[in-house]
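Alright, structures below, take your time with them.
Shared chain: subunit A. Partners: subunit B in the first complex, subunit C in the second.
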Partner chain A sequence: MADFFQLLFSGLATGSIYALAALGFTLLWQASGTINFAQGEFVMLPAFAMLAFASFGMPMPLSFFLTIVLAIAVLGWAFKRGIVDPLFRYGMMQIVVATIGLSIAMRNGVRLTGAEAHPFPSLFADRIYNIAGVTVTQSDIGTLVLAMLLVIGTQAFLARTITGRAMQAVAQNTESASVLGINVPRMIFYTFAINAILACAAALLVTPVYLAKFDMGESLGTKAFFAAVIGGFNNSRGALLGGLIVGVGENLAAAYVSAAYKDAVALALFMVVILFKPQGLLGRKEERKV
Partner chain B sequence: MTQTPEIPCIVFDDVVAGYKDFMILNNLSFQVRKGSITLLLGPNGAGKSTVLKTLFGLLKPQQGRIALDGQDITGASQTDLLARGIAFVPQGRNLFPQLTVWQNLELGGITLGAKTTHERIPEVLEFFPRVKERIHSQASALSGGEQKQLEIGRALLLRPKVLLIDEPSIGLSPILVQDVFKLLKRLASEGTTVLMVEQNVKSALKIADDAIALESGRLVLHKPAGELLSDPHIERLFLGGAAPKAA
Partner chain C sequence: MKKLILALALGALVITPAVAQQTIKIANIVELSGPGTTSGTNFKDGVMLAIKEINAAGGILGKQIESTTNDTQSNPGVAKGLTQKAIDQEVFAVFGPVFSGSIMVSMAETRRAEVPNFTGGEAASITQQGNPYVFRTSFTQATAMPKIARYITDQAKVKTLALIYVNNDFGKGGREMLMKALDKSPTKIVADISTDSGQVDFSAAVLKAKQSNADALFVYTNEEESARALRELRKQGWTKPVIGETVLTSQKVIELAGDAANGAVAHVGLTIDAPLPAIRAFRAKFEKEYKYICDHNGLKGYSGVYALKAAIEKVGKLDRKAVAKAMHTLKVKAADQPGILMDVEFDANGDLDRDSFLTEVKNGKQVITATLPPLGKKK
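Presenting the complex of A and B:
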């Protein structure tokens, strides 16, 4: 039983990172109808940026802060202006193809600097705790707590501040938001900026485990996408639930079925949800406008 | 002693507006009196809703001039127009369905600032007791009539000088339509200028002061509403009356 709880806990920690990336998917979808298949690479790039800043002798907190600023400019503003805005009028499929292309370009662009994995400092000490017979690492506890705080904080910002509500309003009815004088382009940019910040946070938490490598975002991006669909693409709480389900599910499958099937769990769950509850576990059915 | 002529509230002067190469308003000119209810009527595609959209800055005129209280507002931004006291209730569902009634109202006053908005929300809710009772409900949980009332309430938060309202009766029961019309009448009596597009033309003419008829984006008639209501030709053209059959 202790093993089960151990697997459950580390699964929750991994799942919370998926949730961070999945939240980015749902935010962009709700605010701008964009599915960003470069989401995994949006986590990989900040990891390399932090290492680059650190290589100039900057302490990690400063590197993280500078990376956030850079990410808002590049993964937020430039991504929106350079890819999403020009393609938006042509429909979602064009944006999907463009973001797939972007992910390949980002991956291979970083690969040009070297294909080897780079170690990344962890925020947490290498300590192990024994709680009621369950062994947990400080890294798992810290990752889970930080990721949950970020997800809950983002949701609180959206639900409790006037800016957050204005962002929700834009997502729910853009034309009405515009009629009320809500600055629609600015609210959409804020969404892209929040996505960039969440990607930096995910990079900070996941890279010590995955190591900084050009393809580190590939599996993370795919699992985050599955997590977002499982939870409900139009519900940010769904991203949290989906992320945790995928994280726990793949940990349990690796232990009780076979490690070889670990990566198939997210896909299997995704297919079950798509078949029986296509709007996701917490998602709402949406009418298609003709 | 000569009397100074009253400056019209809204002036459309030779306005051409539409979408890309397809112009819907063609050299349209008219004036709207302050504190009046003016009904825009005409067949489908005549440009009634386009007048409201152009006045609210959603469409930029290709030609001509629009003035509010004598000041040129041609091409002004929506934020500027809201600040000048123009509020717009478009056709259809315009709420944020997953937000509460209170949150919808709060966003209606986003250009006013939180303090003013919070002061005005209770005043606005006095107009709509049914909506007031459901202040913490999700907007999507309201009935069609309550939703329309909330939309109008959201616009009233701005204490608009001019209220543009497009098809307010769509989806409402006859009783609720009368409630909405009474409210518009009350607003006009308190000095708000109302410019309305309404499919329920007969009922709307009863509360309107003036009527403007459009055809292919051009003005074909501008008369007091009462005169129009009793004109048999206008009834045939715009109110759905049967055309006289040839013997």
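Presenting the complex of A and C:
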């Protein structure tokens, strides 16, 4: 039984990492109706930015702060102005293709500086706890707790603050929102900025485990997308649930079925959900004008 | 005046082939860009250092070595084209590529043209195709695994072994060779655990290894996965020996795994840290020339040129076929040919055998704990 809990807890820690990346998908979808397939790379770039700042001798909190500023400018503002704004009126498919292209460009751009993995300092102390035969590290617990706080915080911001509600209004009906006096472009920019900040936070938690490498975002982005769909694309808590389900499912399958099918778990769950509950486990049915 | 220049130029054209025969042309066809940059650059610098030394000492059979260098971009197709081009320029021997995938493709060209080709590739299959013109500069998995297997059974006295390997060509090849090497030994593999390339979470793999109750664990994955496996082993409180081949105690793994790497043991074919005066001297020369510390690929390229030199000197003439034939039974002693660095023996397939090292990670550093004799030599 201790073995089962060992797998479960390791799965939860991995799952919370997927959840953080999945949160970016749901956020952009809820607030601006776009899907960003470069989400994994949006986590990879801040990781390298933090390493770059740190290599100039800056302490980690400062490099994290500078990375957030940089990320809001590049992954928030420039991404919105350069890719989403010009393509938005042509439809969703164009944005999807453009973000896939962007992810390839970002990956290979970073690859030019070197294809090797770099270690990344952990936010948490290197301490191991043994609870009834189950060993957990402080970083497992820390990642899980912080990821949950970020998800719940984002959800609360969207649901309970005026700005958050305005952002949702813009996503639901842009015309009515502007009639109501909401500054539509600003609200959409806020969404992209929050997404960029979350990506930086995800990078901080994810990279010590994934290691900073040009292709670290590739599997992360895919798993996060599956997790977001499984949990429900229009619900932030769905991202958390989806991420945890994928993380735990993978780990249990690797131990009790076969390690060879580990990566198929997310895909299989994704297909089952799409077939039987297309809006996701926690998602609402949404109707949009065609 | 113009006529004189023309006459001289014509004369030079006529004389050039005669001059060409006075030198030995070698083509470096290596990875200078792309993922193989580090390996290819080290290998090439090793080759160039050896050539410089040999030329300064009077060349081979009194003839100077002339070399050209071309970049394969880590691409097998480009490597094949460059090899063809080198053959058209009538080179005596080709050095490189280092990547197994590239040499597998490009060696068809040197075989057709009967040009000796030295590679840094380590995949077992390179020399299993009956190509009489391909020669290694390092161990293959088929040589390395029996060596570490001998250590596992005889020295570490491991009765039951768990194996974690990466499910790619490298991992599967190594697993096959290890299983073959342990087949008739008292050591039994009790857990055979496959992992994916790029896998992040090793908790299930390590748990399976623990459940098998094995005396020791063999980890055969690439650098990043090895580091993650070591961290997970420490996390789950694994205290038994962790053994590997080359990768497990490499500098990159130590850097990525941190403290979790301490205690890991691995067999290493060539290392710049070897406690041998010849290798120490090489290291100093290399660092002085190129301003960086070379890795095992630099040693491969350097000693490869000296193996060619020994073979040419044995034959006594510049005949590619005879030299290739001589390579297949070549035994070189470091005492006679210092540039070879360590006594080495080539076999009929073009594989080589020599001393190698057992290493352990202590306080975040790779430390050599023993020198293992060549496989062909009885203990």
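Just so we're on the same page, the second predicted complex is superposed on the first by the 289 of 290 C-alpha atoms of A that agree within 3 Å, B and C clash if a C-alpha of one lies under 4 Å from a C-alpha of the other, contacts with A are read in each partner's own complex, and residues count from 1 in each chain.
Everything that follows uses one rule, which is that contacts are C-beta pairs under 8 Å (C-beta built on N, C-alpha and C of every residue); 3 or more make two chains touch, one makes a residue touch a chain.
A quick note: this is a predicted structure, and the numbers were derived from the prediction, not measured.
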item: Which of subunit B and subunit C A:55 touches, first, second, both or neither; value: neither
item: Subunit B versus subunit C as contact partner of A:6, first or second or both or neither; value: second
item: Which of subunit B and subunit C A:161 touches, first, second, both or neither; value: neither
item: Superposition-derived comparison: subunit B or subunit C, residues of subunit A touched; value: C
item: Contacts of A:137 with subunit B and subunit C, given as first, second, both or neither; value: second
item: Partner chain in contact with A:172 - subunit B first, subunit C second, else both or neither; value: first
item: Subunit B versus subunit C as contact partner of A:260, first or second or both or neither; value: second
item: Which of subunit B and subunit C A:180 touches, first, second, both or neither; value: first
item: Partner subunit C, residues of subunit A touching it in the complex; value: 3, 6-7, 10-11, 14, 115-117, 119, 126, 128, 130, 135, 137, 209-211, 213, 215, 219, 250-251, 254-255, 258-260, 262-263
item: Footprint of subunit A on subunit B - complex, ascending; value: 56, 58, 78-79, 82, 88, 90, 93-99, 103, 106-108, 110-111, 114, 154
item: Subunit A-touching residues of subunit C, taken from the complex the two chains share; value: 35, 167, 193-196, 198-201, 203-205, 207-208, 211, 223-224, 227-228, 234-237, 252, 255-256, 258-259
item: For the subunit A and subunit B complex, residues of the former touching the latter; value: 162, 165-166, 168-169, 172-173, 175-183, 284
